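In the part that follows, the structures are each spelled out as structure tokens.
After this come two complexes, each holding chain A, first together with chain B and then together with chain C.
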Partner chain A sequence: MGVTKKLLYLNRKAPHGTIYAQEALEVVLIGSAFEQDISLAFVDDGVYQLKKQQDTKATGMKNFSPTYRALDDYDVNKLYVEQESLAARGLSAEDLIVPVQVLSSAELAALMATQDVVFSF
Partner chain B sequence: MKFAILVNEGAYQHQASDSAYQFVKAALEKGHEIFRVFFYHDGVYNASRLSVPPQDDRNINKRWSELAQQHQVDLVVCIAAAQRRGILDAAEAKRQGKDADNLAEGFRISGLGQLIEASIEAERLIVFGD
Partner chain C sequence: MNTLHTVNKSPFERNSLSSCLRLAAAESSILLFEDGIYAALQGTEFSETIQTALATHSIYVLVPDLQARGMSLEQVIAGVQAVDYAGFVDLTTTHYPIQAWL
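Presenting the complex of A and B:
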């Protein structure tokens, strides 16, 4: 198609209570093949998607959190987490399974304004 | 303007698919182009032809089929999301060894690449979800 667009995937939901996070990750993986300028942002309960040491065994659900560590292999390496969302949940960047850039709400809003496409999940 | 639409919620349970339909209809009436409507998450339930709503209510699934017929709108259902939730076209039902299919007229089943392509090709992607 010859165009490069800035695509942002906005992840807003906790990982296992609903399927949004898991299916959003599937979109990111497929989307990586299109060679666009991809970013991921995690806000609200979405920050829990990146929490270390997730254990879903007792619920019988699939633990897809290791997949976030594979994103770098797909050249998806711009991951942003909202500072206010982390703080409200007693979390910091050290609690997350992948390296991220922590942005304030205002900084994240500015980043979103620069995007061509925002997928909201 | 050329729009791509993403519908992430099921019919009746959530307003998202009603809002998406109203938006698409209004955009077409104003002369805009709808490049594609992509159904994901529970949005794939919009594509069941076996939905039987009460007669005094709107028929959301049929409304999409009619829109596709009248305006040649490309209605695409994500195959992975659809298979999880039991939405199958005839070919897929056969391939999976299922005894029935239920994809409504005017919809087609395809991959997530169709969503990414739509987001790149359109001037705006509008997401209807929770």
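Presenting the complex of A and C:
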């Protein structure tokens, strides 16, 4: 048996303008097979990834936002969102597609300090 | 004809919008599309900047890019005009030159 590590995926990009958000989600889903202690944090424009009611039909792009709702099925259920990032964008937890824990910057900093690895997207 | 400025980057991540607003001549138009649409929304740290700019510029937002990002027309700042893809094309024919703020 390998050692279980605490892995944090740090998401800081808006969902559709670049491929970062979608790639991060793919990596999280694949990585979940390795039974590590996984957390996801959404900071800066990364909070936009979780916005409800994304409808990409008219743009011809893929709407991958429903996939965040499947994370729980992969035992990925530690989702954290920075309060300051939400507030700057006029958003609240009710605007998001999945239940999350909203943390202050200080609380998120403390959480990050406990991780073995932080992956940046 | 007046210039059409296009901004496709989030104002939170890049200074494209800030530079555009600083350097765009009065009466020129600004189209917010792709991640630029986040600037068009009420209740953000940039809403006041856009409200101020509306005094000197026509500002447009591309609706399909709003919808893709989970935003609706009701959340757009009053005075910002909604356009679809055909409206985007119309703007390119009624303005010259077109300047992209990447």
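Keep this in mind: the second predicted complex is superposed on the first by the 120 of 121 C-alpha atoms of A that agree within 3 Å, B and C clash if a C-alpha of one lies under 4 Å from a C-alpha of the other, contacts with A are read in each partner's own complex, and residues count from 1 in each chain.
As a working rule, contacts are C-beta pairs under 8 Å (C-beta built on N, C-alpha and C of every residue); 3 or more make two chains touch, one makes a residue touch a chain.
What you see is a predicted model; the values in this text were computed from it and never measured.
Asks: After the superposition on A, what does A:120 contact: first (chain B), second (chain C), both or neither?
Replies: So A:120 only meets chain B here.
Asks: Once the structures are superposed on A, label A:38 by its partner contacts, choosing first (chain B), second (chain C), both or neither.
Replies: neither
Asks: Does chain C touch more residues of chain A than chain B does, or is it the other way round?
Replies: After superposition, C is the partner touching more of chain A.
Asks: Examine A:52 and indicate which partner it touches, taking first as chain B and second as chain C; both and neither are also allowed.
Replies: second
Asks: With both complexes superposed on chain A, which partner does A:21 reach: first (chain B), second (chain C), both or neither?
Replies: In the superposed model, A:21 contacts neither chain B nor chain C.
Asks: Touching A:102 in the superposition: chain B (first), chain C (second), both, neither?
Replies: neither
Asks: List the residues of chain A that touch chain B in one complex and chain C in the other.
Replies: Comparing the two interfaces on chain A, one with chain B and one with chain C, no residues are shared.
Asks: Which residues, counting only chain A, touch chain B once they are in their complex?
Replies: 1, 3, 5, 7, 19-20, 23, 26-27, 30-31, 33-34, 36, 117-121
Asks: Which residues of chain A touch chain C in the complex?
Replies: 13-17, 44-45, 48, 51-59, 61, 63, 65, 88-90, 95
Asks: Name, in rising order, each residue of chain B that touches chain A in their complex.
Replies: Touch residues, chain B against chain A: 6, 8, 40-41, 80-81, 111-113, 115-117, 119-121, 125, 127, 129-130.
Asks: So in the complex, which bits of chain C are touching chain A?
Replies: Checking each residue of chain C against chain A gives 8-10, 12-13, 34-35, 38, 41-45, 47, 63-65, 67-72, 84-85.
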